[in-house]
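Shown next, in structure tokens, is the structure this report addresses.
Letters are used for the chains, namely A, B, C and D, taken in the order the chains are written, and counting of residues starts over at 1 for each.
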Amino acid sequence: MLKAGLRLGGCARAWRSVRMASSGVDRQKPLANKVALVTASTDGIGFAISRRLAQDGAHVVISSRKQQNVDRAVATLKGEGLSVTGTVCHVGKAEDRKQLVATILDINVKATALITKEVVPEMEKRGGGSVVIVSSIAGFSPFPGLGPYNVSKTALLGLTKNLALELAPKNIRVNCLAPGLIKTNFSSVLWMDKAREDNIKESMRIRRLGKPEECAGIVSFMCSEDASYITGETVVVGGGSPSRL
Amino acid sequence: MLKAGLRLGGCARAWRSVRMASSGVDRQKPLANKVALVTASTDGIGFAISRRLAQDGAHVVISSRKQQNVDRAVATLKGEGLSVTGTVCHVGKAEDRKQLVATILDINVKATALITKEVVPEMEKRGGGSVVIVSSIAGFSPFPGLGPYNVSKTALLGLTKNLALELAPKNIRVNCLAPGLIKTNFSSVLWMDKAREDNIKESMRIRRLGKPEECAGIVSFMCSEDASYITGETVVVGGGSPSRL
Amino acid sequence: MLKAGLRLGGCARAWRSVRMASSGVDRQKPLANKVALVTASTDGIGFAISRRLAQDGAHVVISSRKQQNVDRAVATLKGEGLSVTGTVCHVGKAEDRKQLVATILDINVKATALITKEVVPEMEKRGGGSVVIVSSIAGFSPFPGLGPYNVSKTALLGLTKNLALELAPKNIRVNCLAPGLIKTNFSSVLWMDKAREDNIKESMRIRRLGKPEECAGIVSFMCSEDASYITGETVVVGGGSPSRL
Amino acid sequence: MLKAGLRLGGCARAWRSVRMASSGVDRQKPLANKVALVTASTDGIGFAISRRLAQDGAHVVISSRKQQNVDRAVATLKGEGLSVTGTVCHVGKAEDRKQLVATILDINVKATALITKEVVPEMEKRGGGSVVIVSSIAGFSPFPGLGPYNVSKTALLGLTKNLALELAPKNIRVNCLAPGLIKTNFSSVLWMDKAREDNIKESMRIRRLGKPEECAGIVSFMCSEDASYITGETVVVGGGSPSRL
């Protein structure tokens, strides 16, 4: 089941879903007995989220397009005593792949929708679950020069609301994380230039870039029973950057 | 130029662009000397917008996928003494077409982006212009059962912000209309059932469905010099239905 | 009636209401046969709105706290052939006044609510009407150092939604204008310093401050029959400054 | 210090602040070594938040206007082995009190601002802190018939952004909780009538009212180091009720 899900669209960059069955809440291990599938999770925000979910008790499935990246991430987390396995996600047929990665909109939006639907039956069997989609503050206020990326991130805000509506009867909650400027390889184009970094920090209340770990706690929270009445919501982790009211 | 634009993506449902050169403002004919290209404009909201822009002084280019629909709309408006021409928009190559209409996301988002970029050079020659994208209130608060449509409408809210950012240096403003439930053929699935219509009206402040004409004035306004300092904004025409703050 | 209304709270800074009875729509004079009461209207945005409403056919009642300012504004607009009268709004009893001007929140929010309610019976007699509240882009994204002002402007976004809900059954629409940085005496503290002005313009898509006249058209539009299905909405006139999605 | 703070405005209904010094993070007791002041905390959402913060390691100061309510709440939580103390907040001078409780806007907005400023020096001494303001989903989409309440809740969304901006240099984060319809005594007017409750549930994705405990986890999270890069944000706990994008 999982395998199929990953084959379809699990390599989508910038998307992470967390799947779990509910169980008794445990303050130390709020995600005990849960299984979390985190896509694009071998570095940056995805890796930080994986580590945190594992620390909070979940068994985490690391996934990415490249075997060596998956192996490295799994080894690191196992070395920390965490319960993880890895899987390379690859799209079977070449034409499907072309279709899939054709555009950022496809990757970020359609793949997210597809893989979510793929894991839904498994969640239903377990009595419910939780999905956390990763959008971006650029979905509210565009980063200059990154049009298609920005638009795809806006679309994810809508996808969150739509999946929340659609999956509520199955006891599946769907929420969204919108990171601001977080210091990762992916975002380095935005902050490598010192002048640009300074300029960006001007608009932040907290005058520094965020760290991947600072995005991980809210994902764990959203997956836990503590968020049982929260669905369809987006939380911005942006150091107070202007976004919306 | 225009022809090329239409060939690319002008038949996109739910997208209307208005192009114009600035000139002295005239209260009676605020759109005098302007040319407006309105896509999907042979009935419903698109037709009402075309009529209004023509009444306000613009020369309007009606466009749609079917010759007979274009002919009928043009004849009607000419019969009212308005300045209009028609053009059938069709995608030249079959494979492009398939690609284009593959999904609602493609049609509503990519085609909108493509045709906008297609008309930009013409607008630049005229010293500037104005684009009005048609999203939907479903972009803020999803209509049940219409997931892909809803998500594409959310994406258009982001596209508006992105194009506004990108095209401001060329003196082109980009804004967005988000109709609520308007009584058209397209939306009939939502209100044909009396019980459903009643239920929907419950959440509106103005207890009736909107009329296509009630969407037209704001588009004319957004295209006029009166909106010279408005860009990147979305106006909801929804009878007070809940949307956002 | 009107007098009483003004005595209560009509001198509220940053609030303008427009009252009118519906009549046949006329493209040249969309506000013919309507009476508009504009508070705080002797200079800046309020004055530009008054002029525009009068140009569009309304009889405009200019109002402010100081007789000489009212006289000057009325004389100017009469000199342009427009139909205007003036009224000084002053709070009768000293204790009321103290209460009223006690805080920015009181002035901007309570006075707006009170004066709206005061004019409602008159609007009802005429079969309906339209109110336009003036908030600010600072209601979405705060101006540094202006906390109470910013919060009062956020509250006005909520007041707009509440009054729209409450007054819809009386055929009264309530909408809101949120100006960005407009070049007026009031906002001069924000742009007098050249460096500060440059810095602010950085975040705008249209790289200049707005003019009061650029806020006037949308108010006239919101008051006209063209906006018959628009209520509870806020339109930002901010040159593309980031605000909300 | 604390006493003074409470005397000023600590009895504000619908406001809860949490004050703490940072320390090493501990997964079991994420709020260890922190002191939390929770206003209006003797029942409903405030009480659930107090219990949760204490369970997560904070020493909690319960506060309310009535001695007997404070005593009861403190006794209950002490009986659970939690570290709590109580304080009655009362406004010393009668005229101040009258001023304070004059209107809902005063109580909900000004008192929140005042008491926050009152605890800031104490937070600064400890090297930083965290404030969580309690607004409501009614701040985004008004509850019918509750105008002043709704507007005050919208104002709190703005206050959150303003305090976040103002207090960031002092290492104090300010966030906001916007509960949807939660089953408490306070909200009983909205759900006591079965028909009304059913009607409200129609618009929720999760078809039931929320429980006070479901609002508590997010407050604990916002106060913990896990939220170190989150400020100025509002999280809706509303079972998927429509609010904003």
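Note that a contact is a pair of C-beta atoms (placed from the backbone, for glycine too) under 8 Å apart; a residue touches a chain by one contact, two chains touch by 3 or more.
A quick note: this is a predicted structure, and the numbers were derived from the prediction, not measured.
K.L.:
Applying the touch definition from the top, give me the chains sitting in contact with each of chain A and chain B.
P.N.:
Chains in contact with chain A as well as chain B: C, D.
K.L.:
Between copies chain C and chain D, are the contact residues mostly the same numbers or mostly different, with half as the line?
P.N.:
The interface is built from the same residue numbers on each side, given that over half of them are used by both copies.
K.L.:
Tell me which of B-D and A-D has more C-beta pairs in contact.
P.N.:
A-D
K.L.:
Using each chain's Cα centroid, which is most distant from the centroid of chain A?
P.N.:
Checked the centroid distances; the maximum from chain A is C.
K.L.:
On a C-alpha centroid basis, what's the spacing between chain B and chain D, in Å?
P.N.:
Taking the average C-alpha coordinate of chain B and of chain D, the gap between them is 44 Å.
K.L.:
Suppose each chain is reduced to the average of its Cα coordinates; what separation in Å results between chain C and chain D?
P.N.:
Comparing mean C-alpha positions, chain D is 34 Å from chain C.
K.L.:
Could you put a whole-Å number on the gap between the CA centroids of chain A and chain D?
P.N.:
Centre-to-centre distance between chain A and chain D: 29 Å.
K.L.:
Going by the contact rule already set, what residues in chain A reach two or more other chains?
P.N.:
Answer for chain A, listing residues that touch two or more other chains: 139, 141, 154, 157-158, 161, 165, 244-245.
K.L.:
In graph terms, with chains as vertices and touches as edges, which category applies: line, ring, star, complete, or other?
P.N.:
complete
K.L.:
If you look only at chain A, which of its residues touch chain B in the complex?
P.N.:
It is residues 103, 105, 109-110, 113, 139, 141-142, 144, 147, 150-155, 157-159, 161-163, 165-166, 245 of chain A that touch chain B.
K.L.:
Which residues of chain C touch chain A in their complex?
P.N.:
It is residues 139-141, 154, 157, 203, 242, 244-245 of chain C that touch chain A.
K.L.:
Considering only the defined contacts, which chain D positions touch chain A in the complex?
P.N.:
Touch list, chain D to chain A: 27-28, 55-56, 157-158, 161, 164-165, 168, 173, 180, 205-207, 210-211, 214-218, 220-221, 224, 226-240, 244-245.
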